[in-house]
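Below are two complexes that have chain A in common, paired first with chain B and then with chain C.
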Partner chain A sequence: MGFFAALLAIAIALDGPEIDFDTEIIPILTRSGCNSGACHGAAAGRGGFQLSLLGGDAAADYAAIVRQYEGRRIHPIQPEKSLVLRKPTMELDHEGGDALDTDGAKRIANWIRQGAKRTKLRQLISIDAEPRDVLLPSINAESALKVVAHFDDGTKSDVSRWTVFSPSDPFATSVDSSRSVATVHRGGQHTIIARYLDRVIPLRISVPMTDEAIDLSSEPSGNFIDEHVNSTLQRLRLPVSAQADDSTWVRRLHLDLVGRLPNRQEAETFLLDSATNKREVLIDRLLQSEAFVDYWTYRFSMLLRVFPQPNDKVGAITYHQWIQQQLRDDTPIDALARTLLLAVGDTHQVGAANFSRASSDARSHAEFVSQVFMGTKLQCANCHNHPLDRWTQDDYHGLAAVFARIDRGQIVKIADRGDVTNVRTGEPAIPRIPGTQYLGKDVDARQAFADWLVSPDNPYFARAFVNRLWRGMFGRGLIEPADDIRDTNPATHPELLDRLAQDFVEHKYSLRHALRKMATSQTYGRSSLPNAKNRADDRFYSHALQRPLEPEVYVDALVDVTGVFDRYGDEELGKRAIQLVDPTTPSESLDLLGRCSRRTSCEGVAASSALPAKLHQLNGELINRKVISSEGVLENWIQSNAKDAEIVEDFYWRALSRKPSNTERDYWIRQLSELNNGEKKQVFEDFLWSLLNCSEFASNH
Partner chain B sequence: MQCIDKRCDGVDRRDALRLGSLGVFGLTLFGRSPAFASIGDRSKAKSCILLWLDGGPSHLETFDVKPDAPAEVRGPFQPIATNVIGTYLSELLTRTAKVTDKIAIIRSMTSPLGEHGIANQYMLSGYKPNSVIDYPSYGSVLSKVRASENVLPPYIAIPSVRGPAGAGFLGTAYDPFSIGGDPSKASFRVKDLDFYPGVDAERMNRRRAFMDQLETFQRRHEKGNANTDSRFEQAYRMVISEKTKRAFDLSLEKEGIRSKYGLGSFGQSCLMARRLVENGVPFVTVDYNGWDTHESLVLRLKEGFAGAKVGVGLVPTFDQGFATLVEDLDERGMLDETLVIAMGEFGRTPKINTRGGRDHWPRVFSIALAGGGVRGGIVVGKSDAIGESPAERPVSPSDLAFTIYSLLGVEPSLELQTEDGRPVQINQGGELIKELVS
Partner chain C sequence: MMKFVVVLLACVASFYSPWQGICHAQTTTGAESKAPITAVVVDKERPVAVVGSQSGLVVRSLPNLKLIQELPTTLLSIHDVAISPNGKRLVAVGGAPGESGSIELYDWPSGKQIKRVSPHHDVIYSVAWSHDSTSFATASADKSVQIFDSDCQNLGSLQGHSRAVMAVDYLPNDLGLLSAGVDTSIRYWDWINVEPSKSLKRTLINHTKDIYAIEARRNSEDTIPVIASISQDATVRFWQPTIGRMIRFVRLESVPLDFCWLCDGSQLAVACQDGRVRYIAADTAQRVQTIEALDGIAYSIAPDSKDGLLVGGTDGHLRYLSPRE
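Coming up: the complex of A and B.
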């Protein structure tokens, strides 16, 4: 290049508007992957060059590029000779390969030419992204993506070119970033996360899952749940399965609300009942039963971590009783949460105070609280600002500081002092409501946090809770995992989740109300049998989801069917597994089936289907002992001289809540005929064994 | 230039960019090529024994000694010569030093992941964890692609399995089977494998026929919804097979062999692994815990307990089991078709910390492989003077995955389906570690 030409080039470049480091250079680094966790964004940097993770700290990045390494990363006279350009364009050896494209390189060169300044011309206020929610006609269709940034100087600009678009499922959608265009490769509802600087927006792109349009407008609707679910199904062209028959439904409802099978009389009565509102009546009856209290105490014990302290079982028992009482009284869940957060006193007397003993220190306390009451995982923000969520290190350590003064002895009390160090600053963290505000010295931080958490407009509390209940009733959370709620993990049915949360708040945070709402929907009543067109659906509720029973529920069901009890440690005979206060109560079966340890919160666990669990079911003591027992229901029947068919039918009712079909009954009678008494007993045992091992028994369907 | 070479593989830059943009915010623009150049039909390994050193073993106290580094890096142990001229190991690996000619060491493993859970997943699947797809581990993939009539489960973990070595999206049917106890104990039995008292094969067969009938009835009742439970089938076959029960019985081994492996849990687990491989199990993981040595290197790596005269710590115990396994397989003519891998999720920090231990260090670490067609007596790659970064020939967990699959005769570009029918390649972005097989 001749001297004058070079001069001219510089003059032209200088004429252009000044490039802003924070809002125009950092996005290039993020988009090119320079500051990702795998490259220079790692805690220790890479190749001696460290950038803040995803550009979270512009000042540090500026210093790293312009000042460190004695300023050799940039070449002010000949920008294109700058290391910061020559490496990522592979002019020099670069482990990260050819990372920077021509546009990005040009802009960085221009910025260097302008003097590599950081004048902070403007700040990002917000971004808009499109399409937020679009339905494309078919796979391989494309959708243009557009992101507009708004800055505090009143300007806005199209930053699509500098936005990172990340498909949540890289096999379902892909993004051609040079054109900012998404292509969909599979039917379904997909998410692409748009990230510009520290802002993220999920974009929903859907494609119908079948070829033929369907019309669900004439489907019966129990309540608002059905309207939301059906509108999504219609959009995705997923036809619905029929309503489940009465015996399937009554079994399902019992398992979901009271964690046990209906007994024969309950099931038969329900089937014979001809009242049109019999489903609603049964829902209400179960919600008011003591069995409901038992079962939900078990579920809450997993969530709220009821386990004994070393050499101290009294606290756990008191905690368990307290939970039981709250559920019996239908204590509003907001009040329950507030009490748990604030309770102090002797854990042998104040049940709720045990909540504070479930964590060993303030940080794990903060993680526990955010997981259970906000449905979020805050722990990533311990070491760095959460890259996929809004949480910062100040949020994390600030929430820990809220709980820093709790003395977690047998007597839970508030100490005069107690700090948590904010690892970012090295200073004691200032108590903070995450994402919201710092709390002054004169404020009771726990009180302030509790007030914020359970206020009706809190965006987390009600949503996290109804999502968890939904998961219990339908087998999958609207947000899944249920304790990972964040902007970048959107709900399958966001409007429905909002509506459920609103309804929950409006009805005084009543657990029974929320469950009733779900149980009375047509969606809940659908059969789990898929049809040819909705078989691929695993999250839109065109059919019910079949799921394994929980370990405790399964072993209790075995006891109910056979009439032979299990003994748990020193507990009295007849104690049900779901009633156990201590998750370490000896039980090999529960261990093999994978019960929740409660050291961390469980959202409900399915019995293990691993080989050791199957071997145990098939060949271990769990079922074998019960079928050969000389004390159970089978032995009574055999002694009674009842007809074979009568015995078979009784066990069908007990295990499956239905009558055997004629074919089934004939088959079993054939197997049992013409045998001497000893043989017949064995065949009956084997019949019962097979009933207890079959999938219809072991699942909630 | 080294990196330019990587582009001479027929992958154009646009493809590389597209591939690179797949990660969630990861943007792994490392210019690696998609699957190509596996070893195809030349693979020899029929099975694989993975000695998983859980917690992350120190490379500096095992396969990558730095005698010339400053004391705080060098650590307390000296190097020793091996039966391969020019290759030195830590003095704690005396037995391994005698079989080094059968072993390939990689000293330039590198990964960005320094937390146990995610690092495990990366090393055991070759995929960085992501929130949407839960990738299967090697053993699970092998279970899936190797059709086997064998009654023994295709993927067995001794004594049990750590979280992320599972089947991922392949589903629990391909999870490893944990033998669930310590095979060095005289009382060890695989739980619930022996017939329940009063039940024999005949009754078991009748029960099974009843079960089949019930599932068929229910399919009719529910119009095709009941899924046949493959796990039940497998459990049933194990219970009725005598051969299965013998495979787990170490008392059938000669006493001399048992003591040669080491009578502790790890040694006997290695021996169990050999018996299982002999009985046709394609993938066995021996899980050896305790390598997360944030403190007291001498105590934990060498002595095992305070004041031990003969070291029974992690490294001597590993040394005995590993070297004996390689030797034993070789003597039985099984080494060529059995791939043995010894590795953990990462290495340890170059500088010894204030508690006399080393912390997590994924940027460079070492692993060892033997048998299954791997060239013995070689060292691949090199770390820098203090074992901080790769100095030559960085090898990623994805490259390792590509290579493991290739050695086992599984095409790394093979696509498996997730439950909802989505195709996922078993490896993406890896390259063959050519030195190991050429």
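Coming up: the complex of A and C.
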């Protein structure tokens, strides 16, 4: 028997080496776009033919191609008559067009001729890709791309021909697939994702953004942040803007650390201070203030989804107070995360237990946890292996299984039983640490996950957190969006992100330490005014990014400037918007400006610039009521018979943390002169309205 | 020359098949060894079977499965074969996927081809004769069911399925037609008494995935007709289609791909993806017995007149299972 089988194998071998379905056919389908989301990789397939998205499930693809509907799609006797070839070569009408090139068709035909087997000859171990990081001299320069695959049988193979190269910005870079060559069409730092089977490698290709080389070696450096940022700027030939003046910086720092404008006295005092370390002193003072606790409680409330359950506000208040206390105590963030993950008990008494009530079931709990603590969006892997990341369906449902036994009533507890069905297998999912290992029945799955998550070696936790803080301080994450960390969405400054994460771990996950590090950098202190050569920079920090205020911060700032309070539902008058526990507390202004509902996690929400919000700012009660109020600061000034210039200057300090320029002051004095009292009041109202509607007020710059 | 060597070696290898001598099993030989057997039917009057695959259409003896005759065919794929109840006609259906669905009509048992027509726009997956042998119906991937007389003259078309139709059968006593398919529905058509456009009487929708086969129970004393269906959802379901009722169902460990009623209508024999045949009691929906049939997928199954079963599957595997004691 063995002798004849050997002879048979030899005879077949004469038709060429056996073609491996998993590593040689699937890449053809991916490269040809057959298994993309727009084609047969869609959740419902297309034209009655469904493939796994980007070839994530080779077994299912094999079944669909070879077995489904009694082998409809292949013809082992006449391979060239196979539907799987006739359609994508347009021999038969095909909505996807002429998708399959000659080489691909030939290989598929040979595979069918060999018996259309799936013998799993080898498994992919890893891929190498070149160039990982290259600086090209000029626009329209080309770079050859090469991908080598390493298999478990010890072989390696140049698979560039079957690799999908996807530019993250198709207008900036293009790839000639037939030659595996990239061309850059715009200056800057660009990414091309090389995908072979389920492995992806980001390739960074840069072209200087200006013609002249620059030298930033003499730029002052506050800490390692500046070294990393300046290194990238020098590479891209981006000159830096000057340091922001004190009034701009003090306003920026207050908004970033305490979410409010500095009052006039605070701003003036800072400007008059001649100490060389006054910026560090102010940073430390703000970090230790109760206003810092309030503002970062607000930010954490958006992230950790503090909202009341139906007919139960007590839990949300307890949760809010618990977060506030952790921030006041500077609780290490790893300890905070662990407590949230493991907390059980009465949510009216145990604030952290409300974390588990923020999700309705185990799956949404897993998505919530991965987003908040790992900075990843796992939900794609519910229905199929994640197309842009490493996560599999087993990872998704396995993590959901970790939280399957949580009883999410007012008293959060761990039930005796509870399963999550893995939709891929139809069986109860086995608890699993995503991308790592399954957890045994004897293991406390939540404890094991928490241990893994906050371990210093964890590749996600610290990076996700410092990236989130960076976004808060600089207006843009090193990885953006901040909750979408994955290989196919690389950081603008990967080494800097790693260094920040390392520093965060080394300093016991201290929020204040991380923020201080960022605030004391020269990069943070740069002006937002671009120069002629760095105007196009929107992500390398040659100048500060101007960004709209958050809805609550903006509304609070209006109150601070005008002295007219808003009333939020039944809350006491004078309560600041950032202190609201309930995101549904009635407030038309906050609704129109787009506050975070907290049903999903928000990474800091900019006030809406949509038309309803803008009209509300221009014509609505939000500003007009405060401007004309008889109880406001303006009315007090008018009644005080103060000089016009004094009133103008005070409001500039209140709104913009600076004196008016001579031009500005002269303009307003001219407008106000020779008017009777009634007319003057109206012009002062116009003046204040203008101030509150200018972008300098409405932004952190 | 190379093909000859391969065929020769395969023939010799098949002589040493592990199925040899077990329960009258035998692997087939020749080019069929590459293509799955997707259509089988046993002549109830004679000890022969017709076997269809992408390799062609052949007649084999039972129980030893010796090749008796190769029937002429131009069908690229063959998905079903059926012998008329009067034993005078054989119809084979299939076609070219994505292109056409064809019917080949043979005089039986001579095997002489009488007619070939291509009325569908995609392959035909199923064919069923009426009890009086005067007509047959076809179910196609082009979403339609068509009805023909015994000379292949088209009598009408039933439209309504939203996706490929995988199965068709007649109800006993001229009560109408049934069809089912990828849209997961079973449709009951009163084709006999009403014009085609108005003939849809009921739609049965308990299956959750593609339905692969349906067949009415015959030789029983049902006052209300009973049918069975199998689906990719791994269930076998029993229905009374004329009153729109699902009676019972059973979930299997493996996806069923084809089935047949045993002679007395008491049980089903279900061919499954894991190569096993599972016997299901119709009145209780309980598994009665499971038999290892093929080393691979069992795509097709057909009974003989004594409840022996012919099972066809992957790589041209064909096995005859003797009647159980």
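As a working rule, the second predicted complex is superposed on the first by the 636 of 701 C-alpha atoms of A that agree within 3 Å, B and C clash if a C-alpha of one lies under 4 Å from a C-alpha of the other, contacts with A are read in each partner's own complex, and residues count from 1 in each chain.
Throughout what follows, contacts are C-beta pairs under 8 Å (C-beta built on N, C-alpha and C of every residue); 3 or more make two chains touch, one makes a residue touch a chain.
Small disclaimer: the values here were computed from a predicted structure and weren't measured.
Of the two partner chains, chain B is the only one that A:Thr663 touches; chain C does not reach it. Residue contacts after overlaying the shared chain place A:Asn311 against neither chain B nor chain C. By the touch criterion defined above, A:His75 lies against chain C but remains apart from chain B after alignment on the C-alpha atoms of chain A. In the superposed model, A:Ala610 makes contact with chain B only, not with chain C. In the overlay built on the shared chain, the residue A:Asp98 is in contact with chain B alone; chain C does not reach it. With both complexes superposed, B is the one of chain B and chain C in contact with more chain A residues. Contacts of A:Gly33 after superposition: chain B is touched, whereas chain C is not reached.
Applying the stated contact rule after C-alpha superposition, one finds that A:Leu618 touches chain B and leaves chain C untouched. When the two complexes are overlaid on their common chain A, residue A:Ser217 makes contact with neither chain B nor chain C.
Looking at the shared chain after the overlay, A:Gln639 reaches neither chain B nor chain C. Residues 93 of chain A are contacted both by chain B in one complex and by chain C in the other.
Remark: chain C residues 2, 5-6, 9-10, 12-13, 16, 31, 34-36, 38, 54-55, 76-77, 79, 96-99, 123, 125, 141, 163-164, 166, 182, 257, 297, 299, 315 touch chain A in the complex. By the touch rule above, chain A contacts chain C in their complex via residues 1, 4-5, 7-8, 11-12, 14-15, 48, 67, 69-73, 75-78, 81, 83, 86-87, 92-93, 115.
Of all the residues in chain B, the ones that touch chain A in their complex are 1-4, 6-7, 13, 16-18, 20-31, 112, 128, 130-133, 153, 172, 175, 177-178, 180, 191-196, 198-199, 203-204, 206-207, 210-211, 213-215, 217-218, 220-227, 229, 231-232, 234-236, 238-239, 363, 394, 419-424. Every residue of chain A that touches chain B in the complex is listed here, in rising order: 31-33, 36-39, 42, 44, 54, 90, 93-99, 101, 164, 166-172, 174-177, 186, 193, 195, 387-388, 489, 528-530, 536, 538, 546, 592, 608-612, 614-621, 624, 628, 661, 663-664, 667, 671, 682-683, 686-687, 689-691, 693-696, 701.
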